[in-house]
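Both complexes below contain subunit A, partnered by subunit B and then by subunit C.
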Partner chain A sequence: MDDSVIQLNNVTKKYGGFKAVNQLSLTINKGEIFGLLGPNGAGKSTTILMLMGLTEPSEGRVQVCGINSTTHPIEVKRKVGYLPEDVGFYDDWSGLDNLIYTARLNGLNPQDAKKKANDLMERVGLSTQKDKKTGKYSKGMRQRLGLADVLIKNPEVIILDEPTTGIDPKGVQELLSLIVELRNEHNITVLFSSHNLHQVQQVCDRVGIFVEGKLLAEGKIEELSKKLFTHGMYLIELGLDTDHKKVPDKEVLQSLLEPLDGIQSVKKEQEHFAIECSSDLSSGIAQAVMNADYKLNYLNKKEYGLDAIYNRYFEGGLSHV
Partner chain B sequence: MKQIWIITKKELKGYFDSLMAYILIVVFLGLSGFFTWLYGSFDVFYINQATMQPFFSVAYWTLFIFIPALTMKQLAEEYKTGTIELLLTKPVSDWQVVTGKFLATFLLIATTLALTLPYYISIASIGPIDHGSVLTGYLGLLLMSAAYISLGIFASSITSNQIVAFLLALIIGVFFQILFGIMSGAFPGTIGDVISYMDMQYHYHSITRGVIDSKNIIYFATIIMAGLMASELSLVKRNIN
Partner chain C sequence: MYKSQTVSNPFWIMVGKEISDTVRSWKFLIMVGLVLLTCLGSLYTSLSDFTEAIKGASADEDFFFLKLFTHSDGSMPSYIVFVSFLGPLLGISMGFDSVNSEQNKGTLSRVLAQPIYRDYILNTKFTASLIVLSSLFLALSFLVLGFGLIFLGIPPTADEFLRIFIFSIVSIVYVAFWLNLSILFSVKFRQTATSALAGISIWLFFTIFYNIIVNLIAKGLAPVRFVSENQVVKFQGFIQNLMRFNPGQLFNDATTTLLRPSIRSLGPLTTEQTIGAIPNPLPLGQSLMLVWPQVTALIGGTILFFAIAYTLFMRREIRSR
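Moving on to the complex of A and B:
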């Protein structure tokens, strides 16, 4: 069964001679949190505008929830909630009044709009601040109100465009947790556009790396890592106590670690061993060397995460779509 | 239609919350009342006739100045505060946004004009009045206001600066209010006729004299629609950028 919620087929957007988005094809499935990564000017916002039906693609087709965004933008906007980097609210209105207004625009009747707005203010942790004018809200509070604004229409898709910019770390964590909770509770599809790799890695199921209008890579973080770092996703540096027992040869250590599934290479460096493996085997390695009566001096684990993947794509100009 | 009405109500609330509506009503009633009743060389007592013409003349010029002040914030402020994004990502079309804002200002002007009905009642009580020309006079004011509101919203749709929007609306208005009338004399033949047709005073005065010609109605309807469509186009273009 086709479970796709967002579909872009060979989409190109030109501004004059400049291609802001170039032959983009992407599918995002129901209940997925998809991270759209890329530097400023990569074409992320243009892609979002096309998804919302706010601008037309020069070529290709954009569909959200099975609806063509270009020809039926109003229907798409009924199903999609959008939270931009800097949410604008009517500053001389209270948070609750802002929310009631947008609820009414989303088709709710006055009673339902008021009830739902109150419920959502509580859901996003603003119930004590609901009567305060939004002009006096902090950036974090505005983003939380923005999330309530997105949720008021019971969206099937949420598009977040750099939603955490300018928020303090605690606020970021709260916002990210809320996004994951929403996906888990309501199976909402989330498109998370950001250049913050750590946040994307924290919440996204799949990522797409977008540069100069092109999608360079797309997939799960582990899959991308495997593609790029053929010698293993994890590098474990093992240091042994030389006073306790003579450090073994590379071959001896290799035979000690043989029972562990996923060891890809063992190298002896000057002071330590460098072990590359496909999964996190740090505890198994520690156990194996201690069982052989070696004393651990240190064990460092380095994971090739999203930042390494991202840097590799930029450094090498690779294309692995 | 429902979406348009929600936007209209929000805009009307904005006018009353910011005191703009009260200022307009008080100043308009004060100015028009002064020139209608008290000014001396112009008022109904001086001309010794039960007529609303002094009021219609004053209202015409007063609204010409007031309307840009009412429309200047309509879209410019939404751009400036970023609320335009909030609005356009809701299930409303650009046309509904523009029409909702147009209707709000139009209803405010219509309400203000309705408050001048006591002038009509009192003048009618002191002498015989041509009721038909009063009716067409009000119609002329409403049509002229609608035309300037749509042009004012267009001016507000192309900038995020309210002062620029005000001045631009006023400059566009000056062409329709004064310059086309003057320019028409300088151009002979068809060009002169076309420019003369653009002159709003000509159409307004035709209506206030009690002549409702389809030519005048088409003129106002064209300006209203052109202003609203240009505003919508400008909004679409701004979205894309």
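Moving on to the complex of A and C:
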């Protein structure tokens, strides 16, 4: 507990009657990469704004590095680098000038600011483009410049709000590995918000899943997947030949498959059945169906990807907790 | 040592940035071009029949240099008319996109993630614009003075110089009034077009429609022909006070009094009051006393708009875009 860097205690943010963030409590420790995972509109950005003191919580307390963000935002901003979603730069200025400006707002003198900006441009791989106007930067370049902009104040914490949206896969990889490198070198705490599970899974030590203003689950990725995997690991799509024999009802099929161990649910979709099971039962299902004199048209086995689990988790909403 | 300290204060860094952005922006260059042209035009018209203007028939005509600002041969309005007309436009053009364009570009949340006070955004924008405006108006006035010196061949008296200087200050206050109004709109409205239109429509309302409305009221309320002098004076005073809700009227009152020393009162004077008065120009101190309420009202309005913009902005939530 001693090295907790970000602390949220029962934080609620209301917009009129709507609760964007609902009774959120969260602790992030020093040197951790924490992934805040949730669909759009889940309240991730609102949480981040409260951390930066850019909006006030309706209830609860927000602390960063032991400082209350709501009452002392300036001290927090000295220690925290924040990369907003879709970061903006002064388009008429070169990337380097944008960085120098930020550096100077953080109290660096002109010489140091310039040196530091040059170093960071090198670091994020923009040294050849540093004199180009940011208006002409690509999305990926802007995002890398944004990271440099965040790092120029030597932050203890960096908060990245959806930093990978709109960047190509290669750019995403580079950005993510840069984040990990930075953490390893300077022991920076990182809060990474995203709706992309794969990216979060790649870099984050701990993940919080955030839906409708509530933290549904929180923990290490492996723990979370275990938790998630309790509900169906395989999805088998079963298509039957309609010419041969009338397709059975859901209940009929369910009773057919009764003897098989591990069937969790059977659903009838338009042209096929979707069967969820905890282990690979495709051969058993095929056997059972054939025994009942149905002709098998196709059998499609889907192992749940993390994305699918993630989707399911959100579809299920609060009921899964 | 002292210098390096002031330079590294984020406030002045931001002011510097705003000034350089302003003077390089197209809208400002266009406005300055317009103002310069009208200034030259009105200077030309006042000089073209200057001999007519300075025959020495009335008390005002001893003030040659003030004539440069107020006289016109009829083909084009005089300098003060131009300033009262273009000043608001200049103010609106400098302020209408000051906050919302930063918000739309996404730079606002990035700058506010730096350790600076939030009111720096508004304060620096206002300070920077005020510095630019002051330089512009003082330069213009001194240019006119300089031309006058060349054409007339006599130096201005200290009194004239002071009057022109104070006139420039009043012009700056007047433009600052409109500047703050448009900054307020730029805080209030998300779209730059909306805030520009809001500013321009208020300006148009006061330059065109307000007088018409007051005239209508005056016609409706006008006393019958045979009433006491007292009532007529009261009625006149009432209509004039109505007119004074128009900032342009305040500015005109203030500047004409400053530049026409023979003006003794801005309200109606009865014959009793004028009996025995020597048609002499007022000393500068008296002219100043006469315009004090007008100038105070303009400054008051400026501060009022600034305060509203400030309260709107300070506790607002800053989203990235």
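As a convention for this text, the second predicted complex is superposed on the first by the 230 of 321 C-alpha atoms of A that agree within 3 Å, B and C clash if a C-alpha of one lies under 4 Å from a C-alpha of the other, contacts with A are read in each partner's own complex, and residues count from 1 in each chain.
Just so it is clear, a contact is a pair of C-beta atoms (placed from the backbone, for glycine too) under 8 Å apart; a residue touches a chain by one contact, two chains touch by 3 or more.
None of these values were measured; they are calculated from a predicted model.
With subunit A as the common reference, the superposed partners subunit B and subunit C clash. Contact comparison for subunit A: of subunit B and subunit C, C touches the greater number of residues. By the document's definition of touching, of the two partners only subunit C reaches A:S45; subunit B does not. In the overlay built on the shared chain, the residue A:L105 is in contact with subunit B and with subunit C.
In the superposition on chain A, contact is made by A:L54 with both subunit B and subunit C.
Looking at the shared chain after the overlay, A:E218 reaches neither subunit B nor subunit C.
Once chain A of one complex is fitted onto chain A of the other, the partner contacts of A:R78 extend to both subunit B and subunit C. In the superposition on the C-alpha atoms of chain A, the part of subunit A touched by subunit B in one complex and by subunit C in the other spans residues 49, 52, 54-55, 73-75, 77-78, 80, 82, 84, 86-92, 101-102, 104-107, 149, 153. For subunit B in complex with subunit A, the residues that touch the partner chain are 2-3, 6-7, 10, 17-18, 78, 81-93, 239-240.
For subunit C in complex with subunit A, the touching residues are 4, 7-8, 10, 13-14, 17, 21, 24, 102, 105-118, 315, 317-321. Those residues of subunit A that touch subunit B in the complex are listed here as 49, 52, 54-55, 73-75, 77-78, 80, 82, 84, 86-92, 101-102, 104-107, 149, 153.
Residues of subunit A touching subunit C in their complex: 45, 49, 52, 54-56, 73-75, 77-78, 80-82, 84-92, 101-102, 104-110, 146, 149, 153, 161.
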